[in-house]
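Below you'll find a set of structures to go through.
Same chain, two partners: chain A is paired with chain B first, then with chain C.
The block that comes next holds the complex of A and B.
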């Protein structure tokens, strides 16, 4: 079928074989890396937290703990900190203490089973309501509404923030849940969130998911989250 | 014109092309709604919200491209293999099932929109995973129809000629179909969810679809220029090596910030930075062949198809290559991830890499249906290609300016919070970009109207010499 090539560079056979080898090697490398990544990305357990083992994706019981997002000079970017931080004096490396708790809907003793059930419901609701077609989660999704990766830590929802005050709730989680159920009653901007028929249980579960998600180690994304508020208005 | 014989497979291809063009219209309509909502957020608020408009906009795009891709394969398959498509009846039944399923899915998207947070919603209404929101029942239906399609392709090639183009397509299509399975399960772990979700999305659009384009582009070059098959196929294998060599591990550029290990920074940066290389090759190849055939005094056998193929090579290189590279390195992507940057890149990349070549393939079908040996471009055809291409380019530049503003203001100045996000969204330059994007969208829609008209009439509006040449050829035969 082919003419005899004058050089290997014009030989279809050579290029066919090259294509096959290159594709094969790339695919095998991807599969090996995927196995490694899957190992590192398994969701942690309550036992890990008891043993102070940091996981990239922690156990859902992190909803019982205070979560922060601080600069780790050792890694060169921000990292999530669960239950207070510990700093290694030699390297500057920041790690979680898993000690400081905080109430989540009035309790800080959510068992692993309860917490898992909550985030299960939360994730299902996030998909059922198409959150990703307006918001980004871990930076992926649509760009019509704010990124939710670290929404739990957003100063706007803190006790001094305008959004918590707007709902009249006394805690961040309650404020978020009230907002999710009646977004058109609490316009946060000209671009309002529509009413998606979110029930009280679903709202609670979604907020749990947001808190859990803020504790995922995202290699420093988003950068400087909530840390430079006021920087541009520093003279005020 | 005069009677001409089409393979049954090619008649099926024309059905796929027809639905593809209709869904292309739906894509533009819902894109228009979403673009209006950026400027006037109360437009259709709580009726057809941005989330729904955007979902239908992108799903219509993906589905029409898949329709056109399946159509183009059914068109070239009997032509290349030299035999009728095996199992064409089954393929036709598959077409009707798929189309009915698509219609139901769209109606549910529009009128049910969202469901309660239960597994049932994922099965019946939406899976809520960007780009592949189709509910699980539809996923299973899609897999069944694709299996029929794959059977037809494999059985036909086994029976007929094994050309290089067909061999590449066979290998590529099985990978393309298999990858869809990676997006069909549920997990509470959002990082693992997004990890596998990118297997579908990235390994489709930055690997298997690109190889598909290279194969179909090779076929169109042979059809429009009489390009030398051996050279086309040699290039095709080089393209495959470069596309899979860069694109498979280029997947790493989606694994920078989703809870994945840090080593993806280096892997993703290196391989995705190489991804534009084959696109330059594709571009050089088409222009080189064009010049070579012109030098020999040969005419182009289908001018509109070739013109769209040229747009494809420019658009693919610029949109996928240049605009992709601009924000692919982790040092930059840390600030651009989740902003309008991917929107700017996505619009030009999908247009350049996929839309243009599918329109080219549809023109090949239109020519074949009429049985014309040569087909020139009409005035309407020029309007269509100009309005659409200029529109998408302008849209991309507008979104890029908005993206730049967003990155600097939201990420650089305000640290990506809710407040920073809305300060950037209200920035004058951001809003201006959104305004120009809407204007550019109207240009694309005008171009689409011209395109539909041209596809329906181009074979009847050829210059006199085309018909005279046809008659002369018919008489000698």
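The block that comes next holds the complex of A and C.
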């Protein structure tokens, strides 16, 4: 074999082959990762909750359960916990027990169909009233008004919180629904929310959507939510 | 050290993703190693005067 001096770096063919390889592999990887993301985003079912299977997006029946937000030292951020938490003593990994229920507008037996219909109505209302003009939901929207991704878990709306006391309601969901129908009456933020003509039924649906959204595992997003006093590890 | 699943929903990628950076390193290795082979293959061909 002849061993003459050569320069691979100035060879057109080398760069063409490299570019073809990189582009081809990247394209295949992106397609595979897209299918993987679609699997991750698949909404869970009521059976998943019965069988204690955690999904990133849980079934709409989570509105029947108590939802907490706790710091998972294993994953390094806060995670939503549905119906009570279980902690792995070895790794510190937090998982949901799917046991503790709580009433949502007086009931904790919302069927999957009912809950799905309610959440769907909430989604349509949120779109119709253009909430994202001011608020952020799951990373989409504006920061003129508070981020609503984890709004359900905001301790200000809990039974000891000032916002629930302000509306005079006896539960978190009722307080939120009353506020949504008459936002101009209650100063909850430095920039007051306008009255958008939300009906009682729509308000109920929006609150259901907020509760469902808070149970979605968003890898700790929004990051600053945990800074709200009492929002994380509330039951400790 | 090796976790069978490192994600909320298990998948092939969650096996490769053992911690921060690992999935990235694995996928880049997949791309870069054959490029090293392409380099030496081209070098061989150029030396042979192809």
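What we mean here is this: the second predicted complex is superposed on the first by the 192 of 236 C-alpha atoms of A that agree within 3 Å, B and C clash if a C-alpha of one lies under 4 Å from a C-alpha of the other, contacts with A are read in each partner's own complex, and residues count from 1 in each chain.
One rule holds in what follows: a residue touches a chain if its C-beta (ideal position, glycine included) is under 8 Å from a C-beta of that chain, and two chains touch if they have at least 3 such contacts.
Please read all numbers here as calculations on a predicted model, not as lab measurements.
Chemist: For A:217, decide between first (touching chain B), second (touching chain C), both and neither.
Modeler: It touches chain B and chain C both.
Chemist: Between chain B (first) and chain C (second), which, if any, makes contact with A:48: first, second, both or neither?
Modeler: In the superposition, A:48 contacts neither chain B nor chain C.
Chemist: Contacts for A:33 in the overlay, against chain B (first) and chain C (second): which applies, first, second, both or neither?
Modeler: It touches chain B and chain C both.
Chemist: For A:22, decide between first (touching chain B), second (touching chain C), both and neither.
Modeler: Touch status of A:22: both partners.
Chemist: Name the contact category of A:56: first (chain B only), second (chain C only), both, or neither.
Modeler: A:56: touches chain B and chain C.
Chemist: More residues of chain A are touched by which chain, chain B or chain C?
Modeler: B
Chemist: Determine, under the contact definition given at the top, whether A:138 touches first (chain B), second (chain C), both, or neither.
Modeler: first
Chemist: Would you mind listing the overlap between the chain B footprint and the chain C footprint on chain A?
Modeler: 2-3, 11, 18, 22, 26, 29, 33, 36, 40, 42, 56, 217
Chemist: Given the complex with chain A, which residues does chain C contribute to the contact?
Modeler: Touch list, chain C to chain A: 7-9, 11-13, 27, 30-31, 34-35, 38-39, 42-43, 45-49.
Chemist: In the complex of these two chains, what residues of chain B are touching chain A?
Modeler: Per the stated touch rule, the residues are 34, 37-38, 41, 45-46, 49-52, 54-55, 113-119, 121-122, 125-130, 133, 164, 186, 188-195, 230, 233-234, 237-238, 240-241, 244-245, 248-249, 251, 254-265, 267, 334-335, 337-340, 342-343, 406, 411, 413-419, 421-422, 425.
Chemist: Spell out the part of chain A that touches chain B in their complex, as residue ranges.
Modeler: Residues 2-3, 10-12, 15-16, 18-19, 22-23, 26-27, 29-30, 33-34, 36-38, 40-43, 56-57, 116, 119-134, 136-147, 149-151, 154-157, 163, 184, 188-192, 194-197, 199, 202, 205-206, 213, 216-229, 231-232 of chain A touch chain B in their complex.
Chemist: Any idea which chain A residues touch chain C in the complex?
Modeler: Within the complex, chain A contacts chain C at residues 1-4, 6-8, 11, 13-14, 17-18, 21-22, 25-26, 29, 33, 36, 39-40, 42, 54-56, 217.
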